Every structure is written in C-alpha cells, then in structure tokens.
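Provided herewith is a single structure, encoded as structure tokens, for subsequent inquiry.
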C-alpha cells in the first residue's frame, strides 16, 4: 500500500527527519489558510498516487495569494495521469543549494534490503542512474546482521562528500531505515533530499509503500487501504478479495493466477481490447466467482467474457457453479468463453455448458481466444 | 531423470490438517508421491489420507526419514515453520502459500542459504516430475513424461505450457514453479543450472513475466553456461505500466523489468523468445524435443 | 532498574500475557475498594524490591473485608528485609492446578539470551533447579538469529508436556521475549505461571529488570528511577552520579572502582565495620569528590574516612582538591586516610597532606587500613 | 615476552579527540606504545599529540597499517564503531568505556567471534605490557617488567596487585583487564589460555569478584589445562547480598556467584586462594616468581 506524500511526511517527521512546514488542503480556502500560516512563496503539490507527478504538471509554485488561488483551483480540478486530484499539499518553498536522493528497497535478486543514494536527486534520478552511474552508490544490508550507521558513512564517503554532510545524511538514512523496518516498507524514499544554503537537510518529498502482506502486523496507525483506491470497481475488487484492474476495452477477463491473466490479456490485446483484468487468487468458491461475474459485468458495453482458470489449488467445479448461477439469475446474453483445465475439469465443463458457456478444452489459451474472436464477430 | 525430486524423495506436508493441505495430500499421494508424514502442531497422533501427523518437524523427520517438505501453512506462521524445518535437517522445501511478508522471505532466504537448503516459493505451485511425483498443487492431468524442463514464475502459466507440450506429445522432465513474489527463495539461474546438469533434460522453457530482474540476470547465466536450447515467454506486454497485476513481482520499476528489456536480454543470450505460449510446440519440434 | 510487580504486570498485560484482576493500594481503604471490585478471596502482596518476599511474610490472603482490614494494615505498617511496605497489590486469588516457571535473562558466560522454563514453579524454584535439574529446561538464543516460537515448542516438548499447554505456554514465552527485547531487560520472569483448572494460564507474578545502561533508549514510559530508591543517601548517590550503598558501620569509604571498593570493604570488615560504600566511577572531578565527601559525612557517628583511588582514567589530583575543600569548609575532625596511586600521585599526596589527610603511599590497601585501624584506636 | 601486545602491535585510538581519548593517548605514547593514528568521524585531517586523526577506521588502517584499536568512544556509539572496526580488519580491540547496554555487548561479542577478533571489555582498563606498551588507562607507574601474568575483572584491583608485586620486586609479563560487565567480550578462560601458552609468563593471578560464573568456569579450564601456578583473589566477601556494588557484574544471583562458591571451585582446581591482595607477594616468593 502506497501512502500519500502528506501521510508519509507525517511519519518521517515523527522519527525526526527534517521536513518542510506544510498543510493539506482539499479546497482552495484551505490552501489559502495554510499558505498564510507558512508564508509565501509556497509549493503546491497534487496528492495522487502516481509516479512522475512533477513532470506531469502536478507541482506548482505560488508567490502571492492571488497566484495561489489560480494555481490551487487549477490543480484541484485537474487529473494527473487519469487520477483526480482531491487534495493538495501546501508547503514552504525551500531554498535549494543541492538535491540529493536516498531510497531504501528490497532487492529482489539478492533478497536483501538495499540503500541507494545519489548526489543528483530530483525528478530525473532514473536518467542519472543510467547516464552517470558514478553519481549513484548503494549498499546491501545482510538480513542477519542489520543496519548500522557506519555502513551509511562508508557509502557516502564513496561519493566523495564532506564530513558535515556525511554526518547529517547518515542520520537521515538511519531514521529512514528504521521506518522501512517498522512499517515493513517495500519502498521508502526521499527525492529530493534538499541541502539548504545553511548546510542543513530537508526531506522535500516522501515515498512510503508498505508491504500489503505485512499490513496486519504493522501495528501503527495506517490510513485505511480500501479508501485510497480511486476506481470504484477496483475498490470493490479489494473488498471481495481479488485483484481487479480497470481497463479501457470491452472484453471481460477472469483468470486464476496473475501470469495466466497477463498472458490472456496479451493474447486478447493482439486483436481486441480487454475491459478489465480480474485475478481470483487461490481462494475460488462458487460464491467468489458469482461476485467476480457481478464485478466484471459492471463495465458497460461488454461484448464478451473470457474465463481462464486452472484446477490446481482451486476447486474450479465450485467456481463454475457460481458463474452459472450468475448467468441464470441475470439472464446474461453476451458470449462467455471458458477454458478450465486441471483437477475435476470434466465436471467443470459440464457445469459451464449447462448455462451455455462456450467451453474450450484445448491447452492453449490462444485457441480459446480464437473462439472468443469468432463469437464477437471477428472485430 | 529429473531435478529436485527423485526416487529417494520422502515428503512431509506441513499444515496437512488444513483444508488445502489435506486435499493436496490426496492429489500428491494419488500421483505416486512418497508422502510419508504431515505436521500440524497440536494434531500429532492423528492421520490424514492415511498419513501420520506429528506435532513437530523434528519428530516427523525422525519417525519417517523425510528429506523434503511442502508447505500449506498459513502465511503468518510460515517463517517460524520454515526455520523449524531447516533445523530439523530437511534439505528441500517448497513454500506454496502466498501473501508472506517480504521481510519474512528475506530472513528465510538468508537462513536457507546459510544452511545449504534448496527452497522454492513463496507463491509457487511447486515441483512436478511427470509420472513420478509432485510437491505442491500442480494439476497432474496436464503433464506427461519427457525431456523438456519448465521453470515458471507464474503457477498457472506453467500448467499452460506443460498442457500445450503434452497435447503435442512433448513430455516434461521436471516442471518447477519458482514463485511469484518480489523476493523468492531461489533465483531463476539456480534452477537453470540444475536443468543444464540433468541428463534427463534436453531443453528448457523459461516462463517469466514483467517486473523484477530475474530474466535479465538469468540471461547472463544462459550465455555463459547453458548448452541446451532455451525458449522463453514473458507475460505482461499489455499490462498497464505501474499498475499491479495481482502480485508485487509484476510491478514495473523503471526500465529494468520491462517485457522488451527482458526479451532483448534473453535473445542476446541465444534464447528463442516466444510471442505466445502456443508457439512452444513448434520450438520443441524444431529442436526434436520429446 | 527493577520494576515493581504491579508495574511489570501492567506491561505484561499490554502485550497480551494473561494477568490477574488487580489494583494497587497505598492505604487500607483503597485495598478494601479494590477487593470489593475483584471479589473475595484476594491476595495481598507487599510491593518491595527484594527477593524472597513470599517466604518473608510479604504475601497474604484475605477472605472477608474484616480479614483484609487486618492483613492490609499489618502489611502496610511492616518492613520486608528492611524495606518499608508503601504499597500493596490486591489481586484475585486464582485456583491453582499447577505452577510453572519461565524466565529470560542474558547468560553472562555464553553472552547470549537464555530462556529458562520449569514445570515446578513457585517460591522454591532455585532449590528445584539444584535438586531436580530434569524439571528445568533452557535454550540459548543466537543473537544474530533471534527468537522464534518453534524454539520454545522444542524446549517445552523436552519437558514432556501436552500440546495444549505447549501451545499456550509458547504464546506466553513469545510475548515475554518481546518484552525482554523492547525493554532491554536483564531479567524478565513469571514465577509462578499458574495453570488454571480450565487449562488456561495466568501470570501471577511479574519480574522485570531493565538494563540501567539502556534506560535512555528504552523509549517507553518507565517510572522514574530515582524515586524508587528508598534510602535517601542512596538516592542522593544516584543524583550525583556515583554508586552509594548504605551500611551499618562507622567507617566511611570512597573508592574509584567497584572491585577496589569491595576489596577495601572486605579488609575493613575484618576488624571494623564500613558505614557505606561509595564508588566514584570514572568521572572524578574536584566538585564530584566534594559532593562525595558531603554524602558519606551525612552518616552520623562516623569514626574515620578511607579514600582509596587510582589515577588511571581519573584525575586524582583534582579529586584531592575537592576532598580538601570539603575538609576545610566543614572543619572535619575525624581522621581521613587516603591511598592514591597512579598518574600524578605525588601532586595528589601533597594536596591531601595540606589538609591533614593521612596519606599512605604503599601499594597494598591492607597497609592503609592498618593505619586507619591505628588512628581509630584499634577497636 | 607478553600476550596480546608485542612489537608488531600498531594501535589506533577511537574517540581520540575526546577529553579522555586525548589524555590517554598522551600516556600511552609516553609509555612507548606505537599509537599510529586516531579516529573521530568529522575530525579527519587533524592531529592529537602528533598522531594523525581519520574520519573512518578503514582509512586509519589503510594509512597507518594499524592492527589494534582502543576505544574511548561514548557508550551510545560503541556498537557501531566496534562493527566498523571489525569490518576494517582490526584483530584486537580494547573497549574501555562503561555503561554499554548489554544488548549491544551481546551483538558485539557474537560478531567478534564470527570474525575471529580478540576483544576485551567493556569497562576494562585494557592491557599493559610493562616497559613495552599499553592499550587503555592503566597508570604506568605501578607496573614493572617480569614474569607474572595478571587477569582482573576489576580495573583498579589489577593496579593494586601489580603495585604490590612491583613493590616486592616481582614484575609482570602482561596485565589484562577482562572487563567488569555482566557480559564481556572474552571469558576468563580464553585469557588464561594465552598466559598458559606464553613463554614469558611463569605464573598467573586471577582477580575476580562476587557475581557471575567466570571464575567457576575458569576453574574447569585450570584443572584441565594449566600447568603454571595460579593464585586467585575474589573481592566481595563483605558485600551485602543482592545489593549492587557499582556494576551489574557484581550482583549475586542465587548461590552461583558467591565468594565461597568461587573460592571452593578454584581451590578444587589447585589454585591458591588469597584472602587479601597483600598475600600475593608471599605467593610469588613461594613459587620463585619474579
């Protein structure tokens, strides 16, 4: 679960990382009030959970109340990469002597936490990483050993910094690492970590993504996870315990397994457009698939539905019963193609066929999608 | 021949008394797997599908001579059970459950490495050797004995590839799910190495997906060490950038981890990159694999 | 710092260890009220920081309000091993099917945390440990690996217990281990851990001793450490940053180093009685020794003072100045013997002598105490 | 001859720019110790007593060829500095500061053992080889060269014993403070072993105190392995039971750790138990030690 910048800044502040004076505003008059307290000029930052927000026009400056009114109004009525801006962060505009970068993540390949730092922070950090790898340094932390400040000092010394900056930056890294541990963060990042003209540091942005699998044991007050899903269908997916991604097309898709779902989408995408991506996970029941059908059918103008499931850990014959009940109760007319293989496959096929579902018994998903393509009229 | 599972493999099922644990024990036994015991603390003394249940892994190993374990333990208890299993001397562990915190996986991996234990998962369908046995949840009907190895980051896509091959009368030596999480207990290259060394395997299929850098790193290994033909499929070409596709392993981070990047790296290593699973049949035919 | 039982029980309860219903009372009417809420019979337990409290009469039962009045009054006006009872814990009297023991400490010899359990808990646990070692089991925790529940299960299985008890006891051990970690406890102990007739567990006593050296980083709300020192002179010692132990004799003692102080006390004790034991630690200044003199002279009827210091890490010439200033300002008449060796010893001797301090320049403390013995008249 | 410190020992002082660090550097240099550098992060480039100061241990080791380190670092930073020092390849570390949390000492000891580093302390006066050099705070005037080894749990009592011996014209080969904390980085027996092996040592004095079980455990080692005469003194006979005598190492816990118990164990191992420090002179004379 990714936290909003303003939420992450509060957490960073609690452990003593220096952060800007700031306030969150959901309306223009709130923004005016916050800016009045802070003093002009201020930064206005759209609180949306997408990357590349700055380059997409989500970060602005205002030097006067009049300017703020105009900018705040613009932001609060805009969308960034399709996400409506419901809140903006109003914060002091720091004088920037230099922009640094520090991020902590878990390196999937080595299986260890990794601390990444750079003397060239800012919106183009990824380009810097490619163009000037010498400006990036990183260190892996041995899980059984843990993090100690001397590791950060060693890392920063590699970048050829002065001791004063090494000392204050090491302090920030230690605090960020504690946050990463306590919140079981997959990503904790400050970009930019600003060096002020007086040599002090200021975390001008804050990224914190908590491991969804650890949410139940991160005992700290975290905002509710469902609420932050903007799309109502995706929110509904989370509620019923499946992964739902809303897309632009008109072919509904239910799959068991993310890989199979992605492959199905790739094959559909060659000739048609998927309307959504619903991945059931390993907990299929009749009731769950009934709700899955309900969810994908909420998309208007669906031309067909493709169900692609395997009976490994999942009782697909149970799932089929739920689909059939939905079809019968709602008198579904659009074509439904199902590929269902594995344990109890014959029983499953029979149940599907009883409600007019087109069952494909061949192994390749490609074949099932060929059938789907025929059924929607080949366009 | 096969990798990881052979005639000497004696399997215990951890969490055997649970709904999934008992059902899958049934399927594993039916497939001929030597399931010699199960473990659920507090349920020692009972039996599931005729298999004796023990309170601790240590007892199970002592009483049954087990050397391998498959996990159907609730996610919150996996770390503890995993460490217990290693301390009991088990050398092969398959961790089927999903939603295990990354922090726990990091610890599990570190300890398994330290103790020389081969572990797969989390979020893996397990290992299946056609006609011989299986540890995990792979549905047996889709597999056929033969000489092609499959390694997949996705559970269901491993079934898809095995199903397509079997339909084309190409069998599999071993099918391995490496796990779909952002951190897994063994990297892709470790499993490729086993297939390269296995006399029963003539070619290998790598089923990857968008996100992470397993395929890119494996490409280096393939270029340096693999002499057998390798085909690869990478799912996720049409997945929206930055959106989650069901598990964190599928998040695209920056340019590393894109489908294009992975395909390019694999092609450069001499791997045949398949655009759709169905093309695997032709590839097998071209290399005379059966 | 050792916590009172009632303080430790609160901490145990916070993490979910089952503890009795209870309340603390500083006066008889409070005890009556708590007992009324809990229901009779109740236990009354003196809250004093000494071991062996039960055998010394500090734990009683009351079955009626009248009985409680008598017992509470008796306890609240008593002393246990010289410690006045200021508070009593009133708690439910649990039905006891069995008494277990669990303790976590750091084993000094192996340098590792150790978990000790026994099926024979209660006041005589130490005798059990000697007489029936098979009823005790323990396990060391590797520092770089940490504690996991399976270790406790393995440990408890060694005692031949039933699984139900293994499961609930393991849960308590895990919670106690977390407390030990979070509070940096040198000792965390439940004795007895009672098995109730229904098979449930209840922590009927709670011991928690926090590492003094870690107090500044144990961020949790801990009661103030100075307040709990009963003896006003010992409290004053803590305030000025030295270790002061109040004793019964009439020879004042200041030493630098605990070992040297103990040896001095041992030698003095052969012929005389020390009045106190003051160990300066490594931070001697003129001012500190002035305060040390002030502190040991608070004891009435002192016959002499012995100062035994080494100039290794300590500037003993500075210390001597403080002693001399005290003597001169307060016109001290009793004999003061000083042995002061090491860096700048000659300078130190000169300063001491300027105020009439008897300086012994031989290496053996025994010789200095011979001199002291002569000066107090050999009795 | 000596243990731990010899002609090849090149010492750095950590926390050299502090009040105690700089004063003690002065005394160590004056005593002839090869102090080749100091470390205080942020003070690199300066000098103390003519010794160059570095920002990190790694730099100090690289620039000076140091192989030993003595700590005058504030207690809160000792753990971090200790791990850094081990990673920089230093093989002998003396930790002088007191009040280091036990949790930190446990971690330090575990890592030092893993990496094969010999470390003493915390709360130790250090090591002194009379006439050669010293790492720590022992006041030089009390020591004289000779062939008796001293190991002490208490700092000031080690001075007391050395002083009494020197006065009686008996010198010391090496004087070692093992540290007074409940957990120390090396146990008593480890240091006894070095003295047993040292050709320059003819007899050893163990200065113990009430609490813990170092002396009891060392008695086992002495009985099995020591051929040189050993004398012991245990402080704390008149210390009130259960009261603290300044450091937690001196708490009496149950019957283990009493003065009587320790004396008995040592006597049973053939050790001569001294009732007062002053008797050490007679013991040395009896064994012709000088």
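To keep things simple, chains are lettered A, B, C and D as they appear, and every chain counts its residues starting from 1.
Heads up, the rule we're going with is that contacts are C-beta pairs under 8 Å (C-beta built on N, C-alpha and C of every residue); 3 or more make two chains touch, one makes a residue touch a chain.
These figures come from a predicted structure and were not determined experimentally.
Asks: How many Å are there between the centre of subunit C and the centre of subunit D, using C-alpha atoms for each centre?
Replies: One centre to the other, that is 27 Å.
Asks: Taking each chain's centre as its mean C-alpha position, how far apart are subunit B and subunit D in Å?
Replies: For subunit B versus subunit D, the centre distance works out to 54 Å.
Asks: Report, in whole Å, the distance between the mean C-alpha point of subunit A and the mean C-alpha point of subunit D.
Replies: Spacing between the chain centres: roughly 56 Å.
Asks: Could you say which residues in subunit A touch two or more other chains, in rising order?
Replies: Within subunit A, the residues that touch at least two other chains are 144-145.
Asks: Where in subunit B do residues touch at least two different other chains?
Replies: In subunit B, the residues touching two or more other chains are 111.
Asks: How are the chains arranged in terms of who touches whom: line, ring, star, complete or other?
Replies: Shape of the chain contacts: other, as it matches none of the listed patterns.
Asks: Which pairs of chains touch one another in this structure?
Replies: Touching chain pairs, listed by label, come out as A-B, A-C, A-D, B-C, C-D.
Asks: In the complex of these two chains, what residues of subunit C are touching subunit A?
Replies: Interface residues on subunit C, with respect to subunit A: 144-145.
Asks: Provide the residue numbers of subunit A that touch subunit D in the complex, in ascending order.
Replies: 145, 148-150, 153-154, 157, 163-164, 166-167
Asks: Hey, which residues of subunit C end up touching subunit D in the complex?
Replies: 50-51, 106, 108-109, 111-113, 126, 129-130, 142-144, 181, 184, 186, 211-214, 216-217, 243, 245, 247, 255-263, 265-269, 274, 277, 279, 281-282, 309-313, 341-343, 345, 362-367
Asks: Enumerate the contact residues on subunit B facing subunit A in the complex.
Replies: 20, 24, 27, 75-76, 96, 98-103, 105-107, 109-111, 114, 125, 137-142, 152-157, 159-160, 163-164, 166-167, 180, 182-185, 187, 207, 209-210, 212-214, 217, 233, 235-240, 242-250, 254-255, 276-278
Asks: Quick check on the complex: what are the subunit D residues that touch subunit A?
Replies: 41-42, 44, 55-56, 58, 79-81, 83-84, 87, 111
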